[in-house]
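Take a look at the structure set out below.
For reference, chains read A, B, C and D in written order, and residue numbers begin at 1 within each chain.
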Amino acid sequence: MSTMRALVMTEVGKTGIAEKPIPEPGPDDVIVRTTHALICTSDTHTVAGALPVPPGRTLGHEALGLVHAIGSNVTGFAEGQRVAVNAITPCFRCRYCQAGFTSQCGGPLGGYKYTGQVDGNMAEYFTVPYAMANLAPVPDSVSSEAAVYACDMLSTGFMGAEHCYLRLGDSIAIFAQGAVGLCATIGATLLGAARIFAVESIPKRQELARTFGATDIIDFTEGDPVEQIKEATGGEGVDAAIEAFGFPQTWEACIRVTKAGGRVSNIGYHGENPNPLPVPLDAFGMGMADKSIHTGLCPGGNDRMQRLFALIGTGRFDPTLMTTHTFAFDDVLEGFRLMQAKEDGVIKPLIVF
Amino acid sequence: MSTMRALVMTEVGKTGIAEKPIPEPGPDDVIVRTTHALICTSDTHTVAGALPVPPGRTLGHEALGLVHAIGSNVTGFAEGQRVAVNAITPCFRCRYCQAGFTSQCGGPLGGYKYTGQVDGNMAEYFTVPYAMANLAPVPDSVSSEAAVYACDMLSTGFMGAEHCYLRLGDSIAIFAQGAVGLCATIGATLLGAARIFAVESIPKRQELARTFGATDIIDFTEGDPVEQIKEATGGEGVDAAIEAFGFPQTWEACIRVTKAGGRVSNIGYHGENPNPLPVPLDAFGMGMADKSIHTGLCPGGNDRMQRLFALIGTGRFDPTLMTTHTFAFDDVLEGFRLMQAKEDGVIKPLIVF
Amino acid sequence: MSTMRALVMTEVGKTGIAEKPIPEPGPDDVIVRTTHALICTSDTHTVAGALPVPPGRTLGHEALGLVHAIGSNVTGFAEGQRVAVNAITPCFRCRYCQAGFTSQCGGPLGGYKYTGQVDGNMAEYFTVPYAMANLAPVPDSVSSEAAVYACDMLSTGFMGAEHCYLRLGDSIAIFAQGAVGLCATIGATLLGAARIFAVESIPKRQELARTFGATDIIDFTEGDPVEQIKEATGGEGVDAAIEAFGFPQTWEACIRVTKAGGRVSNIGYHGENPNPLPVPLDAFGMGMADKSIHTGLCPGGNDRMQRLFALIGTGRFDPTLMTTHTFAFDDVLEGFRLMQAKEDGVIKPLIVF
Amino acid sequence: MSTMRALVMTEVGKTGIAEKPIPEPGPDDVIVRTTHALICTSDTHTVAGALPVPPGRTLGHEALGLVHAIGSNVTGFAEGQRVAVNAITPCFRCRYCQAGFTSQCGGPLGGYKYTGQVDGNMAEYFTVPYAMANLAPVPDSVSSEAAVYACDMLSTGFMGAEHCYLRLGDSIAIFAQGAVGLCATIGATLLGAARIFAVESIPKRQELARTFGATDIIDFTEGDPVEQIKEATGGEGVDAAIEAFGFPQTWEACIRVTKAGGRVSNIGYHGENPNPLPVPLDAFGMGMADKSIHTGLCPGGNDRMQRLFALIGTGRFDPTLMTTHTFAFDDVLEGFRLMQAKEDGVIKPLIVF
């Protein structure tokens, strides 16, 4: 077989299945035959017009599978080996990468190549660029369904928690418990936060938040979450807050809910907001309250991927609890439509090939 | 003599000289007889109504002098010893202080006690609270006129540079070269920045900026400073930017002028701006460009003061170059008026007692 | 009652119960009526002659109880309130404290005042110096038996893990699983280590190590632990290692077992070793392998204590599992003798007043 | 011309000039025609037998020149362009590189490829591996003689200072002022140290140390340098110390001369010492004085190289002051012999092609 099927954006607002040639590896590439993938909300943004991609571009950036073909410069991998790649596939050689900002490879957000710059990986086969640095073997102790969460959800959510620079026993508030917010909750637990306020109104997500380590659930339909959290902390607020929703209101809430010296960590995508994000001056100490704001994009590289796999392997958390639906790749359009509509309590739809 | 003269705010918009009792030391206090002080722009904000202070409150927070009286719990100082105290006088015991946020002692901006909470030190005598932690001996190698710059200007400006988390050879832009901006320029030089863009239009300040280490002067009257700096850096922008002006436009410029992964450090006071500070989304990578924003208030404590004195003592920079005017304390009202009017090229007026 | 009983060192090698006056609070002190205390191996070192203390000095530095009397300068506490104090009671005002090295208050190890500089707290009443910074309220959610582990064991063990500067998913080896080593294991778990090698031969301790998060138990009686760990990691070694035993062999093993770039964190007390600690050159890359070695002494202060209490309150770990024996204070000499002899599988003997 | 001349080690203890083919570039390589190089003491160690290199291996790892030939995968460079490469040439893709330990590429010291793993660059032409990450353009503002100091001396010396984690105004002692020690002195100055003690007995080096920012010269022939520095600091010692000599005595002195909380940074090569390095226990607080020890090997990569060039371009220091001798490549054997003998006040011999 020399062709394969891929989920593509046919035009703004529309998706379809396209037949494409199975890719050939360039010297630094590995070609992977996909076995598992997750649908990401980012792709629904892309289809809605957020990224200027040409018609026919393959979607997807959370996938794993088996090594199919190996580029001439690549060593250390074997055909048939179970492997995964992060959503972000940096070159690891430019000045941004050398400075540690691999997600900003070559410039702002430049590490995000799948879909934005080249075909994504919601397809039967996909290309891994700079495979020596980006392709990660999946250890036997980690199931494929669990491992695929490391491609974006866990790496992004954990980054959100890492950017809070927590001390052991710090308090934290996490705004929204979708898949990335839930992973931020896991991250905050893994990094030694004590009191973890999860802001969420959907019962199933509240329950998962508790399972993943949240100590307090804040339902924003029952009152201003900032007020609720301040009341629960003697009026003081928290040491850190994570914005995992992508709205100006939650961004502003993060600045308001942190105490002096607090850290605000943004992982929400604010591309749908036409206005600048507002920094409220009173809660910011007129620019002098020793608060800091941190941002980032999913960190990649096979070193991080293997560390995430090692953590999954300890059994301290089970990311597959976030899989609310499973589809065969034959039904990927249905899964994608579900994600667009955010129906039926969907968190993450798993696609099995 | 049991009374002394002090510069006070008599009502919003007005200042005067008041006769007050010479303060008596509480157990943890030291009383200092003032010999040198600097007038700070912050005090002109206070007089304009920025801080809710009662009529008759003594102004001032940049002063040094000789030990006059020592509280019963205080050891390690001798009458007549030359000493200085930072503008910020934290308790060094509350949870904020223990967490390293001494400027936020007890809560937001709580370390700023002079003028805001108690009498300031533009007076013939003043009180140093928690003197064991706050009062710093001035070494013989440092003149009083130089040392008094450590009380606020150098500590604040250096904090601005410290919050840029510079790597050796990084590039930086500093918006505005008033006294605090000039001190940020010194700080960036001391911390190993290579290319230092100083944004300033006043020739005297441009010249001082060059003396203190700026490699490029950007005159914003000759075009958008962000565009000028981007052009000078091949379109890329800088690794870090310092806001030392306190305006939304310069704040926004800092976010725009930094490259992905860049750090923005705010030291400007934004209390006169009625609206939230705007974070432009494109320059912020929609919240994902690995940029961070840092804020703070002048760090105090005699450990830092003594490290600043040690640096002045090396002779690598001369803060007294910022003294544009000198007044006897008899003429402090005239000096204050000059600072309010920002006339005659004033940078810092020195008051000698 | 104006006198109390205290466990004292009567001379080198000997202990006894002494009758002493109940202490009166100085201005910055609080007097606590003890309810719970733990016996520490350090005190057996002291009695063996490690510290030059005068005859009759009260032992003990892990205790909590109820507020009995409050010094004139102290606010924020009420008589009868349940409170704890760290083993280390810094002044929080000297230059070492301001620099963040509170355990080195005033100079090397100077924060360790109980027993070394003043009476310890294995007594019916004890003094808390600098109480505003050192005395911590115990929240209702934390039992006294659990809270008393924060006084030294958890704070020291967690510091051991903090000094490993772990990234999420890093691997770590912890040499010895006595009480402090076990707490280091809890700390490594809380900070997101994935693979945790606990080096220990005693079955009860091995079991506790697993409960606290160790993924691999290394029994050094079955072969060189460095070889065992290297074999288990594909020859590479671990990202970090903690020395929690206090012997040159385990110190050296930590340097040998870490990979290039690895961190060695020492929490063992090496005072009984007459020779310099050896750094093996091959494993140290001739001084160029990007390895670092970190040391410290139990960090104190009520901010940290309250963060530790917050963590205990989440229920993620139960420090009371380390309580192998419980004695009434009447039988404290028997408990102390047990700790000296390390008999009967003792880990920590709890003293109840 | 298809052959070139190279300085080689013919056997242990002997050097010679060999005729070799001009190298052809592999896909990721660039071939450079050498114009300037420096002789390094490391190479005299290599010739003395420190590294197990085969006979005929080209020596050298501090060189720059003009782009001669460009590999097929390499973009961004042009023939004839003036370029330099660091002594360390990592792959920037393995897990060590991704973790930021590029000098430990693939394992301990693995980034050090020239001479140790492949031919060095004291030759008329040389190969730059992974050129996209390792090859750095030299800006017009920096002379070739100055730029070549960035290849090893400045990068290593600055790393020594970076590993001291200095706060502004900290004190530091630097043991030995050979070329790397002098560069550490420059680095400490650039990073904001105040008092800089340079330990050195040779007048020419003392003078250079002062020029580069040392405030105090300590002549160890006039008494124990630790005692001298302690006396000059009121008995306390310094915040940080750099070992730039490679002897157990200076290593131990660094541990002794630092105060509690101090940092020791090793840049000396200890390969000639048969015994483990000794850590004196009293000065180490029995393992509890909050001291840390840091090590490393010259960091490479073209991002760092360009930052170093940017710093040289500011004119704040002139590395060419360390060039004590200049030889044409025809006379390189004489230059090498001079370096072996450490005669005639040699610091660095420059080789011009």
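The criterion applied here is as follows: a contact is a pair of C-beta atoms (placed from the backbone, for glycine too) under 8 Å apart; a residue touches a chain by one contact, two chains touch by 3 or more.
Not measured: the values here are computed from a predicted model.
A.B. asks: Which chains are in contact with both subunit C and subunit D?
C.D. replies: A, B
A.B. asks: Is the C-beta contact count larger for B-D or for B-C?
C.D. replies: More contacting C-beta pairs are found at B-D.
A.B. asks: In whole angstrom, what separates the CA-based centres of subunit B and subunit C?
C.D. replies: 41
A.B. asks: Considering subunit C alone, which of its residues make contact with at least two other chains?
C.D. replies: Correct list: 99-100, 167, 304, 306.
A.B. asks: For subunit D, which residues are in contact with subunit B within the complex?
C.D. replies: Residues 158, 162, 167-171, 187, 189-192, 194-195, 213, 215, 304, 306-311, 313-314, 316.
A.B. asks: List the residues on subunit C that touch subunit D in their complex, please.
C.D. replies: 96, 99-101, 103-104, 107-110, 167, 236, 243, 246, 251-252, 259-261, 266-271, 273, 275-281, 284-297
A.B. asks: Show me the residue ranges of subunit C that touch subunit B in the complex, using the header's touch definition.
C.D. replies: Going through subunit C, the ones touching subunit B are 27-28, 73, 91-95, 97-100, 130, 132-133, 301-304, 306.
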